[in-house]
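Both complexes shown next keep subunit A, but they swap its partner, so subunit B is in the first and subunit C is in the second.
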Partner chain A sequence: MLFCYVALAPVLALFFYVRIIPIGFSFLLSFYKWNLISPRRPFVGWDNYLGLLDDENFLLALKNTTIYSFSTVLLSTVLALPLAVFLSRKSRLSAFYQTVYFLPVITPLVPVSIAWKWIYDYNYGILNYGLSFLGIKSVAWLTDPDIALWALVIMGVWKVLGYNLVLFLVGIRNISGELLEAASIDGASDWQRFWRITLPLLKPILLYVLVTSTIAAYNVFTQVYVMTLGSQSAPGQAVRMLVFDIYTNGFQFFRMGYASAEAVILTLIVLGLTVIQFAMVREDKVKEG
Partner chain B sequence: MAKKRSLLRRIGLLACHTGLMTGALLMVMPMLWMLATAFKPPTEIALWPPQFLPTDWTTANFTGAFETAPFARFFLNSVLIAITSTAAVMLTSLVAGAVFAKYRFPGRTILFGLVLATAIVPFEAYMIPLYIQLVDIDWINTYQGIILPYLFMAFGIFLMRQHVSSAIPTELMEAGRVDGAGEWWILGRVIAPLSGNALAAVGIFAFIQGWGIFIWPLLIANDQLLFNMELGLTAFQFRFSADTGKLMAGSTLSVVPMLIIFLLMRRRIIENMALTGLKG
Partner chain C sequence: MTNPTAANLGRRSALTLAGSAGIAAAATGSRKANAADVTLAIWTGYPELVPWYQAMGAEYTKAKGTKITVLSTTLREHEQKLAAAVPTGTGPDVFDVGQILAIKFIEGGLIKPNPTAVDGLLKSGAYRKTSIEQFTVEGKTYGLPQLFSTPAMFWNKALFKEAGLSGPPNTFQEKMAFAKKLVKFDASGKMTRSGMSLRLSGQGSGIAEKFRFILEPAGGTLIKPNGKGKFSQGYDNDAGRNALKYYIDAVQIEKVDDPKVQHDAGAFVAGNTAMLMREAWVIGEIKEKNPTLDYGVAPIPAWGTGPHKTLLQHNGLWVNAKSKNIDAAYDFQLFLAGKESMVKLTQTSGWVAARADLDWTPLLKEIPQYKEFVNPTEGMQFYPEPVMAAWDEIESRLADKLPGAYVDASLQDPAKLAAFIKAAAAQTDQILKQNDLYGT
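Showing the complex of A and B:
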């Protein structure tokens, strides 16, 4: 037993220092006003939270992040599902497609954001060039914050599509072939098999993917920082997102308490999403049982 | 009738493959475009209509990038951070995972529960207090400060626990004890050698994560000599945003190591990601 504690001690010490304490500390800090340097750190109660309710930047960030997350997740799921169904058939090309679609998942975000920024470039961007063939005039993808949000969504879908695809693929392959075959013998069409068998059996994985990718999407930051912040093509017109707002309040304006209140909101959103997932999975199990 | 149906099927299949191919092309396009641009001279970069491949291939962007910013240093820092983090995560995951899987002790359920429960909280939500803690111990702007949050991974602990409890027979550990082996010996000589695949999975995750870290170094590294590739690239971007060629050359340097690792181990990486994603 002594061994257990001795072996765990370093890991747990680290775990408490870099995770448990900061998480607790962030709740605490959200009730204070502090600029990081001042020896004064007055307790302000719910003021930071009340301030957030009137803060246009925060509300915009919350709205943008929500739109971003739900659009990215929805689009990538809708695209990944049929791809997974198709690739689940044994085919020599299946492995090739998986590799290619998975590629963006493992590439680091900063360089790919830089590449996407160049793709979206107003003057020399390959996207505007491509659109010109369809008779569409050049779009200011990153300069206009309203359009930039969708530019970020497109890139977000590109990045996460392969991950969803591979998870769905595993889920579909786990569905018994006999079940599908029996349905076909009974005269079910491909569509019926998909809606009546594949999709219902895929539901737990679908839920898992929806929730985890929504959570991941809520933390969007790097793309926003690289693609829309204060460079020549987009002078200071960053798309307001939650983590970006936390970063700005905390590390540009040094409003540590205020930024912590925002961080607490982010934590609560994530927890809420997780609870919803658990509840839905449990409900399913109850129905089955 | 049957003939007509199979013809339809063929057309459908062809349409599917065309769609998949187009999709595949779109997936690799940003990377190819980055590569192609990195080898173009400035006159070909600012060109309308754009040309996909360079006419005059040049490596000037790469040499130029190394001259204008310490990219060699950034690269080494990235390597250092990723490797240290990978080694530490593998070690901490193995030890903690094995202990949580095979030993009974007071507090086990609570501690493991705590590891699991906090795994969902995003780093961005507690980076401010962590930053303040590191200010207090004077670790801002140091290597150890950058690496500290990446020395363990809740997910890695979870994965190793799953593996050890399902794949390592307790009898084997008992046999070791009968022969007079200590618990550390059992951990190192019985459990570790039988955990190669799971450890590799954890290591791959840690390496991918460690190579790509951005927001934490952005907060904590002020000195350019501590920048990793990711941070160095953004700093370079803001200072020389007009120099697209060099920027693409630098980006290529950051992407290529990941691409090589991925192409060498693609099957394993994809399988691991899929399976571990589903276990969670």
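Showing the complex of A and C:
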């Protein structure tokens, strides 16, 4: 046992150094006013947090991030689940489709975001070109303030769908075939087998998907940064997200204390949502017990 | 002129700066550091300046033996790297950056007052009075001006000829009328070429900076000084409302520009817009990507019978106070600021060098379009970028609001437009208050 602790010590020390200390420092910093460069760092108490309550950019970012997160998590889960059920059936093309769906997950986000910027281009984008065959007029995906956020949601779903799909697929393949076979013998339809057996047994995986997807969605940044760069891009306010706002305050305006307060709020939100989701698992276990 | 941020310098910083002035002066007296074993690290946020740095570095190595390394990143990354590296003593020896960030280093004692030799060059008559003022804080000079950046108006001669127009517009009102003749639509009513390219979308301070191109000639300003080191917003007035109305008219009423079409230098180079207000670097873009483009460069139009006005921005060349080879760094800074070096800077990068005593004749003979940038029109009034740490936030926060306003049909109602300007101006005042810079 002692050996285990000793062996883990270097990794834990590293984790403490690169994770815990910076998090603790950020929390401390949220009570100071500091521009990163100046040696002066006056203590301002709760001022940074109180300032956030009146900050329309922060409130807008919070609203946009919440809309983005709930939409992305909901759509990517709802789409991944039936796809996983479909691909779990033995088929020659199953592996091929799994690869296709998983490709966006492993593709680096910056080039992907640039590619999507082109896909969404009003004049030359392939999306509008495709829609033109259906008689749909060109859509200003990025430059229309009412649509830009949804353009990011579409990209977000595309990016995360394959990851959720693979997790569901693993869960489905771990469900005992005997249970499904028994249900079939009892006359259960495909829908009934899915609803009464597959879905309940997938609940732990479903909750894992929801937790990780929500955390990832609340931390969205790269695609926002890329898609608002330059004159031919999304209006900043339309797609302002929390991490982008933190980045702007911290590394553009050098308001490190204020940005730290925002980061603390973001952590609390994600932590709160995670606790709720874990509580749901516990509640389930209690019922089962 | 006393720099606006002077009032923000704390006593501790002032003492640090004053103390370090003497050390810097003493340091530059020595040339011991210019030995073959010294390597100076140069960081730039302008990748297009790298060939110039490398060429001048090679010449300097040949003459003095000191080696030069150049690191280039995008401007935003460059600023972040400097902010993290300079205070921790891991930064470069010499770096270029705008004054908005440099003032934070000056306030933090991370850029020292110029030693005698550098101060002497700055005040030798080689630079414009405006440039010297911009590099002076509390009576002491810091750094050297490197780039002298002013926008002017690029106009496509071929498109003007096609529209029956003989020359560029002199006023913004003429510009709108000309743009109506220059804009093109396809059979479905989709804009294929804008009459003028305004900055309508995206994010960042550049949007507000371009808004100022019209606001300032119209008689407004983003912030106005009270003469006692404090400021307040200067656009909740007719000028601010007229400038915003101009944008809204261009997009929604006259339909001479549209956020959906190609914009900026790319659009002008490709012939997808007839007029663009931008800096000299666009000449380099045209030379590289469409050298046969027939274009001219005119002054930024006036507002009605008002004067011609244009923005003046400087990029500076600074020595890191924590440099281990500070005397060699100052020496290299002076070498880079030499006449021959500055001419080469413009030739290789397209940016206009900040020295005012350069002979531009060979350059103008080769590329006459530079004239408006190197010898601006007589009577041109410059409005400089205020040197204050909060400036980027002031511009960026206004920039957050503008793209939505440009396409908001409800702002065609003068009362709603006025309310929008009022709210934006209140935010500007709020930022000034947060930074203890507000005063009327």
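We adopt the following convention: the second predicted complex is superposed on the first by the 265 of 289 C-alpha atoms of A that agree within 3 Å, B and C clash if a C-alpha of one lies under 4 Å from a C-alpha of the other, contacts with A are read in each partner's own complex, and residues count from 1 in each chain.
Heads up, the rule we're going with is that contacts are C-beta pairs under 8 Å (C-beta built on N, C-alpha and C of every residue); 3 or more make two chains touch, one makes a residue touch a chain.
Since we're looking at a predicted model, the values are computed, not measured.
Of the two partner chains placed by the overlay, only subunit B lies in contact with A:V270; subunit C stays clear of it.
In the superposed model, A:L36 makes contact with both subunit B and subunit C. In the superposition on chain A, contact is made by A:Y17 with subunit B only, not with subunit C. When the two structures are aligned on the shared chain, A:V157 is found in touch with neither subunit B nor subunit C. Annotation for subunit A, partner touching more residues between subunit B and subunit C: B. By the touch criterion stated above, A:V166 is placed in contact with subunit B alone, subunit C being left untouched. Look at A:F254: by the touch rule set out above, it reaches subunit C but stays clear of subunit B. In the superposition on chain A, contact of A:L202 is made with neither subunit B nor subunit C.
In the overlay built on the shared chain, the residue A:V112 is in contact with subunit B alone; subunit C does not reach it.
Touch criterion not met for A:A61: it reaches neither subunit B nor subunit C. Subunit A residues in contact with subunit B (one complex) as well as with subunit C (other complex) are 36, 123, 230-233, 251. Listing the residues of subunit B that touch subunit A in their complex gives 16-17, 20, 23-24, 26-28, 30-31, 33-34, 37, 45-50, 52, 92, 95-96, 99, 103, 105, 108, 111, 114-115, 118, 120-133, 135, 148-149, 151-152, 154, 157, 183-184, 187, 208, 211-212, 214-215, 218-219, 229-231, 233-234, 237-238, 241-242, 244, 247-248, 250-252, 254-255, 258-259, 261-263, 266-267, 269-270, 273-275, 277-278, 280.
Considering their complex, residues 1, 3-5, 7-8, 10-12, 14-15, 17-23, 25-26, 29, 36, 83, 86-87, 93, 95, 97-112, 114-116, 118-119, 123-126, 129, 158, 161-163, 166-167, 169-171, 205, 208, 212, 215, 218-219, 221-222, 225-226, 230-233, 243, 246-247, 250-251, 256, 259-260, 263-264, 266-267, 270-271, 274 of subunit A touch subunit B.
Here subunit C touches subunit A in the complex through residues 10, 12, 76, 80, 83-84, 86-87, 104-105, 107-110, 190, 199-204, 259-264, 266, 389, 392-393, 396-397, 399-401, 403-404, 407, going by the rule given at the top.
Residue ranges on subunit A touching subunit C, taken from their complex, read 35-40, 57, 122-123, 138, 140, 142-145, 228-238, 240, 248, 251-255.
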